[in-house]
Every structure is written in structure tokens, then in C-alpha cells.
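Two complexes come next, and they have one chain in common, chain A, joined by chain B in the first and chain C in the second.
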Partner chain A sequence: MALPKHLQNGLTPDELTFLAEEETIDIVPLFSMTRVRLLSGIYGPFTPPSSAKVPLWLALSLKRKRKCRIVPPEWLSIDRVQNVLKEERENAESFCSLPRRFIEISKVLLDVAQDDSMQPSLLRSLLKDLREVRQAKIRIGLQSEGVMRGSYLQVTNLTPLELSELKPFLVKAMGIMQSLEPRGDDDEDEEEGQ
Partner chain B sequence: MDDDYYSLNSILAENHKLSCSFTLDVEGLGYLEGGTENNIHQHSKVELPFWLAQTLSLNEFTTFPLPPPYSNRVKAALNASAQSVKLSNLVGGNGWWYRWGRRIADVLDDEPQADLLNTLLKAFINRLPALQDLSAHHASADHTLPESSTSTTETFRDGMEGDERELFAIGQESGKMTRNWYDSNGSRKGGR
Partner chain C sequence: MSFFDDEDDDPLSPPTRPAPNENYGMRASSSREGSVSGSSSFLDRLRSTVSPPPAQSHSHNERSRASASIFDESNTSISGREYGGSILGEGEEEEDGMGLGLGLGQGLEEEEDEEDMNDVKRLGKIWVRERGTPELGEWKGELIDQVFDKLEQQQKMVNTLRSDPQTSEEEHFKLMLVQTEMERVKYLVRSYVRTRLHKIEKFAHHITLSTDMHHLLSGAELSHARRYTELLHTHFQHSALDSLPEWLRKMDDTYGDGLSMVSKPNRNTPVLIYCRKDCGEITLEGGERAALARGTTHLVKYKLVDRWINLGWAEVL
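Here is the complex of A and B:
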């Protein structure tokens, strides 16, 4: 393959952000416009001060031109993130269920729409902590029994971004382990106790 | 590991020489021994690249003992501490210990084959955690020069075998990519 090895198995974070920008989000437009038909659908009408639902990419584009205010999604409030962080820290075995595009959306919103979220610096540090806790759990999981036997890795509730970071390494490592298995081994009926 | 016909790594690994002894006299191939003889005599030891040795052994023209990179001495060192064994210089230039071992195992009979594969697998599994930690560490910090670290990490890093080095590079690259994305502020030129 012509792609470098670390790109062969997944999507880059930029590509994942692009995909994440399909999600709808609320905005409060600062301009007036009737309903508009774009390639991807019909949006509007834009009448301040009522909010409108648009895809994230459109919201970001308008925000950059200072034509709207973005309403952060309800899972991006300080309380919710703090709760998730607490749960994440308490649960050493598994990951908390997060909205699928949590990381990408939160990062993009904090970059572009800082003034619209409450206490952006606190939010940023909370998100960073959350990310670190999850990374630590991933690293521990990588040395779990299933991986060492080259059979499986439990990844419930990992977001696509974390998965794509993990995949190239894990796939190659497990490939090597599999190729080193003794030949002509019958399937062992072992209960994977977890 | 890819055993693809076109895999450059496999080609390089299979080029490593194996010492075997011929079971019969062969006329006219004396140059393989590197000497000036015209013929090869029975029981003479010749160093052949593995791709040649494999076909000859499968047809029972040659036999070979377990080569030194997989000797009992190496096995004992791996049992003691898998992470401190330098696998990089055991097999040829870039060190393809796992690959070469696998190819050899294909030619062995059942029991030594299972034994050899087991050694390789256990060694890999025992070295994997250190490899993961190292690659995660290097992904999140900009180390281009070696720093003074504990002796096991240093020996491990120097002794990483070819496939392990590739694995390390992959882990480091994907970690770096994610980190750069996090640190970038997503500023674009003008509006989209």
C-alpha cells in the first residue's frame, strides 16, 4: 500500500473531525434569512433571536464570520462533564458511554466558539483530564490477558478517535502474535472469563 | 507479519545465511563453499542463504541444526528477562529474529517447531508491554535524542528487533498525530 503504515488502518483525527461536523447543533443567528436550500438539505428560517438547527460545519462557518452564536449541546456543560469524569475515575474496569463524537465536537467548539461556552478554560482542563483518564485505562487494557493471548481487546464505549489511535498498533501487534502461534493448533474451548 | 512474496522485509530476512551440511556429494557446485573445490562432499558444512537452504532441506539434500540465534543460551536469557535481550543483532543487519525464526520453524518437524514458535511467541509477549510504554512515551514528548534513562529501557530500545521497531514507529506516529490534532487550534484562513 502506498499509505504509510500508521495511516493504513484508520482515519486521521482531521478526517474524523470532518465526519463529526455532520451533527446538528443549535445556533442563534445574528442575521435574518428565509429558509435556504443547500445541497445537504433545507435550513432556516433564520430569525433572531430564535434558535435554528443547522449542521455543525455550517454553524462553525457562520461563527467564523461572526454571524451567529452557538448554543453548546447539553452534554457539554461543566456539570455533565464533571459527572462523567467522576464516573470514569471510579470505574476502573470499563469506559463511560460518551456521545459518539464527543471529543471532536468539544474540541472544535472550544476552538471556534470559546465565548459561547461557559468557563472555557475550566471546561478545557476537565476535558483534558477526562482524556488522560481514558488513555490510562486504554494502556492498562492493552496489557490485559486477552491481548497477551492475541485474541481480543475489550473496547466498548471507546470513541472513534481513540479507536483510530489504537488500531494500527494493535492490529500489527496481534498480527505478529497470530503468526507466531504454534501450527495446527486445535481451537481450545476456553471460557474467556471477564 | 506479511509473508507476501513481494514483502521487502521477508526478502531481507530470508537472505540471512544458515549453516547446513549436505547429505550427499554434489558435483560442480563447489563454489557454494567458497573454496576452490569443484564438488561438494557429503557431510561438508556450507553457509547458504535461507531461501536456498529451505528448498534443499525440504528435499532432504541438506540438514541443519538449530541455528545460534535460537540456541539454548538465548532461550535462557529470554526466560530470565525478555526485555533486556538484544534481539537486533542476532539475525543479520536489521535484525529479523521473529521472521527468520518463523521461516525456520516451517522447515522443522513438529516438536522442535512447536518449541521454537513457543519461544518466539513468549519473547514477543513479554517484550510487548515495554514496547507499548516506550512508544506511548515517545508519542507524547519530543524526544529525538536519547536521554539518560534506566538501563533496561536503554537496552530495550537498542535491542529492538526489526518488526518491533516497525511496531514502535506505528504507535509513535499515531500517538503523535492525535497529539498534534489536540494541540492545533483549528484556525483556518478566513471563513470556509
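Here is the complex of A and C:
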């Protein structure tokens, strides 16, 4: 009805990418244009050798028209990603803290602007490794005892995208566990509706 | 001066707002005295709104410089200088020493002050929140109105400049950008309203019954909730309930086990929250306690954290 069923479980990766596109990024324009005023702020001026800060969607749109070069964020350099990956592998207990829209931004940048990053294929495989290491950790974490029994989980440093993958499953599992528990007094009037 | 600038003191003040209409009229009847100068100055003004002169955007510039500095300056200088350091501490790294500096810019960026965000970002936030929580949140009418006003102005400007033959190529390109953004914003508003509509229809009866919830809804939403409930109930009555014995006809009965016919939001639904501030400790069912320290993320029952969410200390993901 008002909200299609596939959207009811929370944000989808597409929607998260949409949000990520509001983040700002540096570009080097390949055309000149004076400032432009948009709802979210004023961007520009665009004068070729110097860089400008624009929202990601604008950068991508310009990039698709071959009107700019996107400067990848610092955290997306090979060195940084390699370091994180190393750290992520060494530390089995917790997750590295990543920029909130790490996965979404790195994905769209590699999709649209891969010629702007230094070694796209290396970067891509590093990002894939990183994602897999984290996913493996998540799976191990979920297997540990008691996780499914309670109705609380500390998920610090997981990015919203990773959480959105987990959430439908966790919410459902927790709901089932709750309905199996003997009902507490205070919950009685709040049980249904879902 | 300009009516698109979100930095201006009063972008929507009466003197500027009626201007487009007035001049529109003048352009249409170009024989009228003064119309030429009127319309051209109006167009100039419109142009200046798409391409603001540098001076106007001073404060925004400051801000973009501030955000630029997020990634390349040291932590303390930002919190001290640009943001007054109210929410932003220096301790982003303290949570775990392994952020590798990667989380550094991240943490700061996330803890941007509510006031520092532009309307689009704020809209995104309330949308995410509405999507993430089981209960209906407060209707952010002020922000929506503001966004609508701006959208309307942008639309007027686009229409006018588009049909004007003097509009240069560069301006056409800018108009395209303006329109792209408008579509993005409209999408956000739509999705926000739809999410609310979904909840309102789902809990329509509950909402009409509990007057203490009414302040959370906009006028239109409330009347929709009422009409929807009424329609549904009349429909049920006509199609089935009227043929049942009197004692089975109620729509708001409670069963013996406490289950009510009026469906309410399930406040036990887990929500994902990111703590923007230290939210103290919560007690879980089993008597265990969990600390909601700043910068941590949790999946936790909505009813345990709703007050932090409402205060804005915890952000729904």
C-alpha cells in the first residue's frame, strides 16, 4: 500500500546509496562554470585546475558527462584500505571503524569513476576482501551463544549497509524468540501489531 | 536579494516572495509601463539566484571549508574553531584504539550539529528515522514546509529561465542540476510521507482513539486517520458485522488474554541506534545492563531507547 512490502523492513541498499550521495566529495572540474545554488547549498565556482566540493550525486552526474574528475576520498586510498584490512584481520574481536557510507561510496566510485582511482582492480579486490572478512566475523559473531536469545546486540562499527543486511533476519529471529518466551506482564498490551 | 539561499536571514520574507508573481504578470503584458525594466531586473535576480555572486554565500563557504577541514586537519582544531566543540569531543579514537585514523573524519562528520545540516540532510535524517522505528514520529511540518517553499521557488525560477531565450548554455546546464536536485528532494519527501501514511493506516484506529498521539500528526494526516478508520469500520459493519450477534460486533474488544483488537505499534521491535551522546545504561530483560556509550551502535528494543531517540541523542540507522 503506502509502503511496498520490500521497503518495510528498513532501508534498502539503494536507499542507502541515495543517502550516501548527499555526502560531499572533491572534484576537479573539466569545464568552467560560476557558482550554482541548490537547495542543499551553494557549490562552485568551477574553474578547471582547482578543485571544488560538491555532493556525490552531482559529482557522479558530472562524471557521467565527462565534465569532471572525482578525487577519491582519502580513506579510499590503497594504503588506507590495506591498513584497515590488516587491522580487520588481526583483530577478531571487534570491527574497524569505517566511514559511515564506506561501502556505498566506494562502490559507486568504482562503478562510475574507476579511471580516477589509482589501481581500480587492486582496490576492488581489497574492498572485496575487507567486506568478506567483516562478513565472516559477523557470521561467527552470530553463532556465538546467547546472541539469538536476548533482544539486544551491540553492533558498534558496523556500517548501516551491513546492518541493513542483518536487520530483517535479526528482527525476525528476535521476534520469534520473544513469542516463545513466557510473556512478561508489562508486555501484554504491546505484543501484537507487527 | 535572493530567495533560494538557505543562508540568507529571511529568504522567504514577504517583500521577496510575491515578486515572481508580480513580474510574471508584467512580462505577460509587456506593453505596460515599466514592464521591461521590471522583468529584466527580475530575470537578473533569478540569474543571480542560480549563480550567486561570491559575497552572498559567505557563510556557506565557511561551512564547506569546515567540512573540507574534517579530512585534512587535526581533530581539535575543528572542534575548537568551527563547531564550538559542544558535541564534538576529541575522543573519537578512545572507543577503540584501532580506528586507524580512518574513523576520525567519520566520527566528526556524523556528529554534525542538527543546525549545521542543510535541509536536505535533515530531511534524510527524519526519513531514516521514520523508516527505522515502529512508532510514528513527530510530523516535521516546519522542515517540510520550508523545503516545499524552496522547491516551489526553484520550480518558478526554472520555468521562467527555461522559457527565456536569453538564458545562456551555462545557465541551462545549471537549471538541469537544479532540477536533478529537486527530483531527489521530492523523492525524499514522498518516501517520508508514504512511510508515515503506512504507519498511520496500520494503526489508524489506535491513533484516533489515543488523543495524546494527535500532536504527532499533521492536520491532514489526522483527518486521514479518522476517515480511514471510519471507512474501514463502516465497511466491516456492512459486509459482516451487522449479521453477527450484537456482542460480537465490537471493533475494540480485548480478548481474555489481553490481546486487543486495536493494533498498536509493537514497541518491542528492535531498532538500530547510533549513540551521538552518552546515553547511560539500560536494563535489559534478563536484568543485564548495557552501556550506550557515545559512538557505539546497538540493536535494541525500541521501548528501551525511545526517549534517547526523541531527544536526538541516539540516531536511528
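Assume the second predicted complex is superposed on the first by the 172 of 194 C-alpha atoms of A that agree within 3 Å, B and C clash if a C-alpha of one lies under 4 Å from a C-alpha of the other, contacts with A are read in each partner's own complex, and residues count from 1 in each chain.
The rule we apply is simple: a residue touches a chain if its C-beta (ideal position, glycine included) is under 8 Å from a C-beta of that chain, and two chains touch if they have at least 3 such contacts.
All of these numbers come straight from a predicted model, not from anything done at the bench.
Legend: residue contacts after superposition of the two complexes on their common chain; A:6 is shown touching chain B, with no touch to chain C. Of the two partners chain B and chain C, more chain A residues are in touch with C.
Contacts of A:111 after superposition on the shared chain: chain B is touched, whereas chain C is not. By the touch criterion stated above, A:163 is placed in contact with chain C alone, chain B being left untouched. Of the two partner chains placed around the shared chain by superposition, chain B is the only one that A:14 touches, whereas chain C remains out of contact.
When the shared chain is aligned, chain B and chain C each come close enough to touch A:57. Of the two partner chains placed around the shared chain by superposition, chain C is the only one that A:94 touches, whereas chain B remains out of contact. Residues 57, 61, 167, 175, 184 of chain A are contacted both by chain B in one complex and by chain C in the other. Contact residues on chain A toward chain C in their complex (touch as defined above): 1-3, 7-8, 10-11, 15, 18-19, 21-24, 26, 33-42, 45, 53, 57-58, 61, 73-75, 80, 83-84, 87, 91, 94, 96-100, 150-158, 160, 163, 167, 170-171, 174-175, 178, 184, 187-194. Here chain B touches chain A in the complex through residues 1, 3, 98, 102, 105, 110, 113-114, 117-118, 120-121, 124-125, 128-129, 132-133, 135-136, 163, 166-167, 169-171, 173-175, 177-178, 181-182, 185-188, 190-192, going by the rule given at the top. Note for the complex: chain A touches chain B at residues 4-6, 12-14, 17, 57, 60-61, 64-65, 107-108, 111-112, 131, 139, 142-143, 147-148, 161, 164-169, 172-173, 175-177, 179-184.
Residues 2, 4-7, 49-54, 56-57, 60-61, 63-64, 67-68, 71-72, 95-96, 98-100, 102-103, 105-107, 109-110, 118-121, 124, 128, 131-132, 134, 147, 150-151, 154, 170, 173-174, 177-178, 180-182, 184-185, 187, 191, 194-195, 197-198, 201-203, 257-260, 263-270, 272, 284-286, 288, 290, 295-301, 303, 317 of chain C are the ones touching chain A in the complex.
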